[in-house]
Amino acid sequence: MFGTLLIKECKQILKSMVYYIYVVVFVLFLSSQLGGDITENLQRPQPGQENYGMTNSQKESDIMGKMLAELVLETERNSYATYPMGFYKGVILNETELEKVKAIVEECTGKNWQQVTGEITEHFNSYDQSSMEGAMQAQVTFSVFPRDDLSYAEFCEHMEEICRLVGAGSSYQKEKWSQGVSVPGTYEQAVEEFEAICTKDRITGAIARLFCDYAGIVLAILPIFLGVTRCLRDKRAQVVQVVYAHKLSTAKIIGSRYLANVCMAFLPVIITLLIMQMPYQYHARTIGVAPDLLAFLKYSCIWLLPEIMVVLAAAFFLTELTENVISIFVQVFWAIASLFSSMTLKGSFGWNLIARWNTLGDTTAFWQQRQELLWNRGFYLILSLVMFVLTIVIYEKKRREGETIYGKIFKRRR
Amino acid sequence: MERYLNAGGSFIRRQYAPHILLTVLFCVMSGFFVSFRNLDASQAAKVMEMYIAFTGILLLTPLFMPEQNREIWLLERSKATPLWQLYLIRVLEAIVLLMAIVTVFVFLMRQGGSVFSVGSLWLGSFAEIFFLGSIGFFVSGITNQVILGYMVSVLYFMVNIGGSKYLGKFALFQMMKGSYDFAALMLPVAFLLLAGGIVLRERR
Amino acid sequence: MGITIEIKDLSKNFGKKQALKHVDLQIEQGMFGLLGPNGAGKTTLMKVLTTLTKKSGGQVRLCGIPVEQCGQVRKMIGYLPQDFSMYGNMGAYEALDYLAVLSGIEKKKRAILVPQMLEKVNLNDQHKTKVKAMSGGMKRRLGIAQAIIHNPKIIVVDEPTAGLDPEERVRFRNLLCEIAKDRIVILSTHIVGDIEATCENIAVLNLGEILFRGTVSELLQAVRGKVYTLEVSTLELPMMQEKFLVTGILTNGSTANIKLIADQAPMREAKQAEPDVEDAYMYLMNHTSASKGRE
């Protein structure tokens, strides 16, 4: 009986305009972001190349150099990026606060502020700022050297002072930079990294991660509308009472609706990913790597399915609770907050709804953080199940008592 | 005149109040997420374009909500006051609210010691917010599904985060990049969308 | 266990408002009419019977099963709500099939039952007609089909003929009578004609209380000998309406034939007339509201 209902629900979804917008937007979004050849630079590194990409370093000297560089650049602009509530908030200091920061910079570098700004200009002028590549290269190679006798402990104290001045959520918080900073890599590191892509990811794994990164952004928003539409459909078609009075249990009714939506939301994801990763299997073979044919399936099931499930479950829960569209506002807010709160576009999964890994490769770093991602997704999987059960409880309550607590307060019934 | 005031007032009390409340809540919460102090022109634009922009969706999309019910729609159609006049009153109410919101935030940022041209930021913000909202209004009008209105306008916003280059003059977030000349095109198009939404809806 | 509904001391409160006050009712097999003005508590009573709302007090048993056992009860009831509708984009067959699934009917049985039911309610040439394109009568007939498809012992029908044209109304009543052969059909209405044509057993509900419980002839008995017809001039009409309970007016130029209920003959010219259910209902309503007024 459950199966029949499930199929009927799926057919209903196929008839709704919302679903077609869902599919079209999803496909367009992915193909616009990943349409080109993204593996162009995926070749075995050769000695003597101009650069070997970036690598993560936790060396104290690297950390001090990079953090001071960021502080100098932000101080020169007087604009500090902070994420106090997960949202980006640009902090601008007043004169006295700014002077204090400059004093700290001077203390850490052993140079006065004019000298420091002079170095900035000098460094950036030595790169071709008009081209994108030059500007980026200038940014990543910029480093400010601390004075020779600056100890790591002193540095930490200064950073704490900066945090007090700039406010919560800046990149000067120890828990952020102690994870390591990004510095230009060497030939040996590049080779090691390439080997990792070939053996651990077998190329297609790295591709699948990049797909999941982009797909995860839209999938935080799109399924909301499917869920809200389904739940409000009964009210709109005035079938609520009829459905209530039938025999089938609430778990089966809500279960079939939820599962149908999860399946139908996941289906275009799987198909799009299957098609889009095919050329890269070929690419892997040309450089002599046996691709992992099911990588896209593994990644999307672990990375994207829990996200779809939790977004849909929240939509079901909030909509059955309130019987209006408020779920859309709450969840769009949630998604956008999550999108802007990712400190980096790579890793630091934390408890973010949208997991980012906006780079091809960086395999070693990913496998180090893999456990964190699994915890994150596991958490959302459980959260979605909890919300699903709560939806059943609410539906059953409404079915039994005729109205909800919320309804008693807010709705004037006929 | 009295009956227009009456119709507008009744809409606010009976239908619009929760949406206004939500919008106000959203604005009040802005303090947690964005700063109003010492901003330059592009940062001020960012506050308006990335945060306050949502008020357009919140206020303009639900204007057709009562008439989503066919019986109510038919009943109202049979009355002496044409429906487009009712819609127009609601649109005017929404526009006044949007203007007030934009004014309040421009004022707040000014108070916080931010430096920008008040006139162009006000006009640019209003044009963008109004335009984004009119998309929701148009879609919910022609499809008679408020959810679709929200969906399309929210997705339009999302598309602009990554793919504004495909949208030319109709891209959002232009003030952040220092361009202010889009308002001359966006405002008329927004009005066109409003008019189109009302006309096409009533043609059904 | 026979097919019966026992209601004992049933109460339902919405906040401070009492929608049902200590209702006692026993319903046996056949058509049962629930009559009462709008807001009398009919819909609330039906919702309690169909497990759609919780009672505040008392006992309700359907075929011996307490109403609290929702799953069991839902299996044996069919419910046609006042404003029955279905998803607009479904065809008649699809909609009925969907609801049959919700009733837990197996695929093989559905393939037989769905066409059979559509034929029974005269929708057999409308399998593909979308619900949103249906007339009020067609929707009602689809509604009754979904209420009987799982062969329930008890069928609850709320305001079944509201919004139907006279022809559809007659057909619908006949359909209900046919169904009621081996089960209970509870029919709620404020249209007296529906009851008169179909039900033998009735109850009259007002302000959450049972005013009358019995057969139609017992109801008529109460007003027998109290109904009069009379010819008056139209100028006298307002006076007559104020003084007596006037249940029918037929104007004819400057004079009017009126039908009224009074304990004694109002005037010498008045002739006694045969009462109908409407007269009896009006009398009952008037009588109780008057006695309430005296309290």
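So that you can tell them apart, the chains are marked A, B and C in the order they are listed, and the count of residues begins at 1 in each.
The definition used in the following text is that a residue touches a chain if its C-beta (ideal position, glycine included) is under 8 Å from a C-beta of that chain, and two chains touch if they have at least 3 such contacts.
Because the structure is predicted, anything quoted here is derived from the model rather than measured.
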item: Other chains in touch with both chain A and chain B; value: none
item: From chain A, the most remote chain by mean C-alpha position; value: C
item: Cα-centroid distance, chain A relative to chain B, in whole angstrom; value: 28
item: Approximate Å spacing (C-alpha centroids) for the pair chain B, chain C; value: 49
item: Distance from the mean Cα position of chain C to that of chain A, given in whole angstrom; value: 59
item: Shared-contact residues (touching 2 or more other chains) in chain C; value: none
item: Residues of chain B whose C-beta touches two or more other chains; value: none
item: Residue numbers on chain C that touch chain A, as the complex places them; value: 47, 50-54, 70-71, 74-75, 77-79, 81, 83-89, 97-99, 101-104, 106-107, 131, 143, 146, 150
item: Residues of chain B defined as touching chain A within the complex; value: 18, 22, 26, 32-35, 37-40, 43, 46, 54, 58, 62, 68, 143, 145-148, 150-152, 154-155, 158-159, 161-163, 166
item: Chain C contact footprint on chain A (complex, rising order); value: 1, 4-5, 8, 12, 15, 233, 237-239, 241-249, 253, 399-402
item: Chain A residues touching chain B - in the complex, by the definition given at the top; value: 17-18, 21, 25, 29, 32-33, 78-79, 84-85, 87, 89-94, 217-218, 221-222, 225, 228-229, 232, 236, 324-326, 328-329, 332, 337, 339
